[in-house]
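The letters A, B and C name the chains in turn, as written, and every chain counts its residues from 1.
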Amino acid sequence: MSNVALRVDDLKKTFDPGLMKAKVEVLKGLSFEVQRGIIFGFLGPNGAGKTTTIKAIAGLIWPDAGSIEICGLPHTDEAAKRRIGFMAENPYFYPYLTGREFLEFHAELLALASDVVSSRVSQALEKVSMSDHADRLMRTYSKGMLQRMSLAQALLGEPELLILDEPMSGLDPLGRRDVRDIILGEKERGTTVFFSSHIIPDVETICDRVAIVADGRVQAVGEVRDLVAQEVEAYEVAFVGTAPSTLNTPVLAGHTGSDASWVRVAAGHRDQLIRELVDDGVRIVGLSPVRSSLEEFLMVHYQGGAS
Amino acid sequence: MRAMLAIARNTLREALRDRVLYLFLGFAVLMLVSSKIFGLLTVGDEGKVIKDLGLAGVQFFSMLIAVMMSVLLVSREVDGRTVYNILAKPVRRWQFLLGKYLGLLATVALNLTLMALVLVTMVRLYSGEWDMGLLFASAMILLEMALVTAFATLFAVLTRPMLGTVFTLAVYIIGHVAENIWLLTQQITVGVTKPIVAAIYYLLPNLERFNFKTEVVHDLSIPHAEIGVTVVYGLAYTALVLVLACVRFSHKDLT
Amino acid sequence: MRRPLAVAAVVITLLAVVVTCEVILHNAPEADPLGKRLLYLPSPDVLRLASLGNDGLVADLLYLWSIQYYSQFDFREKFLYLDTVFNLITDLDPRYFDAYRIGAMIMSVQKHGDPELHKKAIVRLYDKGIDAMPDDWEIAEWAAWDAYLVLQDTDQAVKWMGIAAERPDAPGVLKRLYGRWRDNIHGWTAEDSIAHWEDVLAEAETKSETNLATSHIYDSYVSLHRSTLDPMLQGFSQVARRCPESWQELVDEGWLASVPVDYLGNPYGVDPNTCTLVAHKKIRWD
């Protein structure tokens, strides 16, 4: 069995809006791999090609070039589709079905054995905490409930690979926590989870690996802590006394306390600052690198990708 | 196969639970019942008027239901995002589309059957006879609706819901006027246009072929061969349109 | 769906089946050759309701359709339905001149069926039009000519021309035609004829109209005089066992007060062969 749950290789896609409008090249050769059993985050600004990539993986869009493999199989194979659970970005519903009927319908689409259908449906409902509301019409559900039902249908087939497009959007913090817990629970079961999100703290806390997408390509990929660790954005220099008024080095932030102060400068200005302080006879008591959060890391790459 | 039937069943369920359907049905039944009033206005055979108006009503309302429901059941789904989660599953595109079509057709068929039964009952109440010919005429109308619904499905895949509705209605009207195009070709003597118009005539769906209302209402005999060819025509054309719809849908990017 | 050749083959096959079926059905004999469905067009009231105020439009459409239908020239019996159709059209739009005119024309060219029935239907249709448009002289005139030339029913022609002549704004010629026809068929008394032509004379504007009226008055007087004078000649010839040579003889014998003169004041003559009155008609036509 292949160790790679999802492999995307040199994916290209151009959209032709037709008639007078210019063609839009959305994916310009996008590649990445997702190993089995991890939680993989997919981040990027609007227009980066995230949704297009996910739709291509799900077989909703046909790429112009490149290949997609799911558990070693071509992504359009029926066997491949059987291994994934997909959750689209916006929750949708058939207004006149109950939650249970909705899941039973999806169970039929998966061609689950009929004796297994009802137990799977109940399990899925349990996982998303919707058992109590299963027999109400979906028309009456709140957005959060619809989101959970959407997740439930993705879990029905006990998939090897979960593909989630913005699974936590529109949820309150409680709801987000629930979804996070479900995702972590799936990981524990050995399911690979691939999801895109704009909510960076969530990605930071649960993802093992992250791919940053901008301008139709993967700009950076790796473990969260490595990515962040690679870049030391700034340094904080602590010293006795107050900051000299004639400091030339541009300062990002600073704080003056009664005994000691600190200033933060960009990584590139560290040496300059130290020289200046030393020349002014300031006693340096501390020097520490500031590890950027993923957000700051992203901003760098978004800008880098756009330029 | 199982997926296709599940989609069909789900579509039918959605239609039956949607109140819009009952509005049309209500109007249809009302119209059928009030055809008796129209009958009073005529000089001569009331029964014929009831049958004529009744069959016309069955056809008209079936068409309306087919067109309206196709927007709700097919266009909305294809055009919107509700189709994503389904097609991400091991369901082929053509299975999805055919499932939708079958569900839609089942809806139309149920309504048509109901209306036909009301009509037959009304005729029985009025003239004391069970006119089974009316059921035959209704069956032929159903065949016509199968074709119209196929077109509705094709347009749902090709274009936006409102435009699709307009096109389907256009097909319906053209299909009933096709005969006159033939008369037109007889008038044209200029060389090139005549074969072109003739070709268009043969290719257009000639919905009048399914119209046996006259024969049924006036008890004329219909050769079995003619019925057979008509059925083959209807089924073949429906299949053709559905194949084209499936082909288009298979290649469509669902953005 | 990803095997283009197979799909193309299926599409072409289905297309072939479709076109073949359509060709077969198109060439199949018509189920309704006698146009029976026409008999069951709804009554005018129903159609009027259904047309939602567009009576005229529906009449137009029916008319157009009927022209199309009937111009597919063949000998199959369609006559009975003509009556229904054109009655329907004219019920919907009673002032539809063409419907009367063309309907009658189509009816008159029917080669099959009972000619008497045709005639009755045509008369009925025209009568309907004449009644429906009381201020229109054209319809009556048209009807009169159809009756005269096509139906060859002079009595009917005379009747309709008379109506036409009485209608507002009717041209004077209609009156003259009426008079002429009526005289031809001896369809009225001489007194009536004289009265009619004296009216025409009074309205005459040109020399020829005057002469025409005068001529008819003259002829009518001749016929009037003849009715009393010829028996006198017969009586005289029985008594005298010979025909009188002139009217003077009758005056001499006391049969008459004076020599009878015609309308223009010229004395009549006697035809020795038939022993009847002779009129020496002289009207200057220049």
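Everything below uses one rule, namely that contacts are C-beta pairs under 8 Å (C-beta built on N, C-alpha and C of every residue); 3 or more make two chains touch, one makes a residue touch a chain.
Quick caveat, the model's predicted, so the values are computed rather than measured.
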Centre-most chain [mean C-alpha coordinates]: B
Per Cα centroids, the chain farthest from chain A: C
Centre distance in Å when chain A and chain C are each reduced to the mean of their C-alpha atoms: 94
Cα-centroid distance, chain B relative to chain C, in whole angstrom: 51
Rounded Å distance, chain A centre to chain B centre (Cα mean): 48
Shared interface positions of chain B, touching two or more other chains: 92, 251
Complex contacts: residues of chain A adjacent to chain B: 15, 55, 58-62, 78-79, 81-82, 84, 86-90, 92-94, 96-97, 101, 105-106, 108-111, 150, 153-154, 157, 163
Touch list for chain B against partner chain C, complex: 38, 41-45, 48-49, 52, 92-94, 182-183, 202-203, 206, 209, 214-215, 217-218, 220, 222-223, 226, 229-230, 232-233, 236-237, 239-240, 243-244, 246-247, 250-251
Residues of chain B touching chain A in the complex: 2-3, 6-7, 10, 13-14, 17-18, 80-82, 84-92, 251, 253-255
Of all residues in chain C, those that touch chain B in their complex: 1-2, 7, 10-11, 14-15, 17-19, 21-26, 28, 31-32, 36-37, 40, 42-43, 45-46, 49, 68
